[in-house]
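I've put the structures underneath this note.
Here come two complexes built around chain A, the first alongside chain B, the second alongside chain C.
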Partner chain A sequence: MKRGDIVRTLKGFPPVVWMLILIICIFSFTGTNFYSVNNLLNIVRQASPYLILAMGETLAILVGGIDLSVGYVMGFCGVAVAMLMNMGLPFYVAILIALVIGAFCGFINGLFVGKFKLPYFIVTYGTGNMVYGLGSIITGGVSQPALDRGFRFIADGTLLGIPVVFFLALIVFLLMKLLIKKTPFGRNLYGLGGNRESLFLSGVNVVKAEIMVFTVTGLLAAIAGVIFAARSASGHPGFGIGWEFDAVAATIIGGNSFSEGKGSINKTVLGVIFIQILRIGLNISGVAPQAQSFLIGFIVVIAISIDVIIQRRK
Partner chain B sequence: MRKLAIVAMVLLLASSVFAAGTTEGTAAAFKDPDAVRPAAIETYPVSGFAWNVTTDVKANEPFTIAMIVKNNTNPFMNGVLEGFAKAAEDMGFEALLLSPATADSNEEQARLVDDMIVRGVDAICIHPIDSNGIVPALERAYDAGIPVLVQGTQANTDRIFGWYGTQYYDQAVLVGEYIANRFNGEANIVYLPGPPQAQNSQDRTRGFKDVFANYPGIKIIAEQPSNFNRAESVTVMENIIQRFSEDEIDVVIGGNDEAAMGAIMALQGAGYKLGGEDGIFVTGFDCNEDASYAIQNGTLGASINPDPVSLGYLGAVFLVQYLNDGTLFPESFVPWPSMEDMSNLIVDSSNIDEYIDTMAWWKIPE
Partner chain C sequence: MNKEKAYSLFFEKGLYRIMILVVMCVLLTCISDSFLSLSNIMNIFRQASILLILAVGATGTILAKGIDLSLAGVMSLSGCVCGYVLNAGYPVPVAILAALSVGIGFGFVNGFLVGVVKIPAFVSTYGVKYIANGLALMLMGSNIFFGFPESFLFLGVGFLGPVPVLVIWALIITAIMYVFLERSKFGHQIYCVGANSTAAFYSGISTLRTYFMVHVISSTCAAIAGILQASRMNAAQAGMGESFQMLAVASIVIGGTSMAGGEGNVIGGILGALILTLITNGMNLLNISSQAQPLVTGAVIVLAVFLDVQMKHIEGKKAVKAAIA
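Let's turn to the complex of A and B:
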């Protein structure tokens, strides 16, 4: 490889990679046990469900929309899986039903934004609050224990020393890749975000395509919700609140664009890893919580600004 | 097929061996099943309240101990952190003061515990957001040999170092009995609880209902959440005022001081008489700054002093004692502030001046 090639490759890296290298350098000085097997496993455990959730959000953002219901849907599916198991269903059946519920929530979102052309913000925020309210009603606001051993294996278990959740995230990632690269779903996804008119003229049912996208987003939120429920051995409608922000942040920090139908779930992976390492690094460095809220918000804005500036130069 | 099954089994075995190897199994005294733990606390290792709290205990080594609370938006939680920081200074250990960036997020709180296990802290004190949701994280800390002292809200596991503090249920029982006594078992009550999904609010509601069940003359005539929020409480109370006249309401119970203060504003706006012999009696929880002065000027009837500063301080002392010489924690819940000493808990017109002078946890010394 010539010198020019190396420079070009380096320049081709998205800004998030440089930010990542920077924070890892800082945390190697400030964070106790930052370089340890346990921390690596810890990062993997925490990042995996988060990645699944964020990939779903990325889909919604790629079609030029946003899904603010994912956190609530996540919480509700966690409640569903816990309650269904407490009713005596085996854990895999309970999980399956919870996934269907999540996908259905996404379907409703898709129906309202796709067919009735209502604003993404309003619809997804509305459905999110609806499932949250529903969850609060059926649980009475009390967390539902989910103590099934098999179920908890999802969060606690390891295969070859690697957490099971890592394999789950990997499988979901590969399936998503397959879906986007090898099926019309991917072409429709980018078409919806880029140029709906031409997608329509090429004979694609645009409404159906958008419903599909949001259904998958809901399904991924449900998978994340099931993993979160296994992690906390319980389900509570409020457990997912605030995660929609993290999902959007990871998507945008990774370098995906809000408006142009450009981007990929690969970038979201980088965004998730960045935020995850940032949070864990701040925690094990003993940074005060008040300062953490500020720093995370600040770094998110800086990271997005750098990305936008570079995009404009190009 | 058979080969595949054998390979799978070997892999599973290998993975379980590997997994066992990665957890640091240190022999911690608090995990010893044969160790005899005291039945109850005999003497507290601290004296004084709020910012006057002191201890004779010193840390033998510069231990690292984490205090994880529920949020950094509630003055109570910040008081706990301040008390813990004071303890670190007095006793000589390193305190890590943490709370979820998203207020009251169970998942983030569990992550904080995981991150502290990675950091290899000597001990953790935690105020759980949810009794069920925090359990796996606490059990992971247990497996890693880290003693976890649970404060306030119970964690539904016995794989911890101990449990102490004020129970929200007991606080409500105390206030409930106080109201029942004051009104001789005859009162119409408006209750403004916190968020329905918040466990501390559920616990308080349970406490009130259990007490009032014993008094047929006490009726809750209206119950509507105002989410521990002053502004929301004003609106909720204004709506309730539309339905009830001044004479129909005897007592308004705020889910916390903020809710009580909001109710007072609404009642004043409607011209309803507050305090005195025949006015409406409003109660809250936490004895924060505004509430204390409201008790002094007679608009707020009573509040509970949870003393978060000495609460955080005491947790640190218990953990340092254990790290110093292996002092084990009692099996049962250790109450603080002590339930027997009622004068320290309920603050009303009779002891408000003394409270502000000597015990107010919100008065940060310079």
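Let's turn to the complex of A and C:
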């Protein structure tokens, strides 16, 4: 490998990689025990549901839209799984029903934006609020305990010393890769974001394709919700509020584009890791919670700026 | 007036929104005795005022095909700065100026990120929201500042004759924004940039200036809302604007301003703000629990957007038919 090749490879890395290296360097000085196994496991545990949610958001963004309901859907599915288990259903049945509910929410979103052509931003906000309201009504705004042993294993269990959630995130990631690379779903996904007209003219049912995309987004939100409910041993309709924007931020920081149907879920993984390490790093560096909100906002804005500027140069 | 004209007025000019408002009022009057009381009506107007100020301020950002998700953060921070300065013993004008300059400063930051760096508006403004909220938290901690001077409280709770001062502020700002957006050269430029920024750029409009302008206006209005909220509540604390964020955006969209940019108006925002306030007020009067309120608000937002898009669809079909004939 010649020197020029190395430079070219290095330049080919997305900007988020460099920023990631930078913050890891900083935190390894400021944070105590940044490299401890505990801390790494912590990052993995927190990042897994977040990654699954963000992959779903990436799909919505790749078709040129956005889904603001994922956070609320996540909370609602957590509530659903907790309440179903409290009604005496075995945990796997409860999980299955929760996933169906999430997919159905996504389907409704898809119907609104795909069939009726309503603007993504405001409709998904509206449906998200409806789901949240529904969750608040059936729970009365009270946390629903989810203490089932098998269920808790999802969040607390380990396989070969590695948290189960990591494997879950990995499986979902690989399945998504398969779905995007090997099935018409992926082709339609990029077609919807890139050039809807030509996709339609090549005989694809555009409406159906978009509904599919949003259904998968809802399903992924449900998976994230189930994992989060297992982690916190309870379900509450407000659990996912704000996550949707973290998911959007991770997608964009990773270097996915909003407008051109370009990008991939690999980039989202990098974005998610960046934001997770940032959060945990600030925590273990002993930054006051009041300042953390400010710093996260500031660093995320800077990171996205750098990313956007570098992408444009290319 | 012939049928065509009535049709156009009803659908294209958005008269059906006024009808929705009237129907809601009639329904609420029938259901609840206390709805039509003077105190309740004044209450509705007062509640709608701050939402209206935020909505008309942010209309420009949506017309320019963007959005301002930082307005709740800026509103909180300005309210907190205002309260902080007042508590430190400075006179009222100084506090108001400090809060307004916070708003203007954040407007420039948003304009810079959207116009110069060219980050999609709702990502950049959302990041800025974290910054503003974080600064408010750092300034206030978990404290609540209260006990402001009488002259400051007059801004938010005072009356001029029978009319609340708050409503007067809202009307003044709405009037200014109406003239600015719909009667001035700059306003037309905002519409052009929102409809097609490339075309606007090549026809000599400074898109950069437009982005700066809409964001400075939006953040300034958010700062005004923050000051008035602090005055109305006689308290300032971090996060005080949070609940207004999506309500403001929803007011604009229910009012018929398109998220696709370049289409919409200020007056619709008034209807949107009133409709949303009426929903909350009505649910309170009917003793519907606060838990059900997001469900109803969400449903109304979806329904309003649905109606809007369907109306435009019908219009489009009519236009095609007319063209063929």
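Following the convention adopted for this analysis, the second predicted complex is superposed on the first by the 314 of 314 C-alpha atoms of A that agree within 3 Å, B and C clash if a C-alpha of one lies under 4 Å from a C-alpha of the other, contacts with A are read in each partner's own complex, and residues count from 1 in each chain.
Just so we're on the same page, contacts are C-beta pairs under 8 Å (C-beta built on N, C-alpha and C of every residue); 3 or more make two chains touch, one makes a residue touch a chain.
None of the values given here were measured: they were computed from a predicted structure.
Applying the stated contact rule after C-alpha superposition, one finds that A:L160 touches chain B and leaves chain C untouched. In the superposition on chain A, contact is made by A:S293 with both chain B and chain C. In the superposition on chain A, contact of A:K117 is made with chain C only, not with chain B. In the superposed model, A:S136 lies in contact with both chain B and chain C. When both complexes are overlaid on chain A, the residue A:H236 reaches chain B alone and has no touch with chain C.
Contact with neither chain B nor chain C is seen for A:K267 once the two complexes are overlaid on the shared chain. In the overlay built on the shared chain, the residue A:A249 is in contact with chain C alone; chain B does not reach it. For the contact definition in use here, the residues of chain A common to its chain B contact set and its chain C contact set are 136, 140-141, 245, 288-290, 292-293, 296. Across the interface of their complex, chain A is touched by residues 11-12, 14-16, 18-19, 21-22, 24, 64, 72, 94, 96-102, 104-107, 110-112, 114-120, 130-137, 156, 195-199, 202 of chain B.
Listed in rising order, the residues of chain C touching chain A in the complex are 67, 113, 117-120, 122-124, 126-135, 137-138, 141, 246, 249-250, 253, 258-260, 289, 291-302, 305-306, 309-310, 313.
Residues of chain A that touch chain B in their complex: 31-33, 36-39, 41-42, 45-46, 136, 140-145, 152, 155-156, 158-161, 228, 231-234, 236-243, 245, 279-280, 283-284, 286, 288-290, 292-293, 296.
Partner chain C is touched in their complex by these residues of chain A: 66, 112, 116-119, 121-123, 125-134, 136-137, 140-141, 245, 248-249, 252, 258, 288-298, 300-301, 304-305, 308-309, 312.
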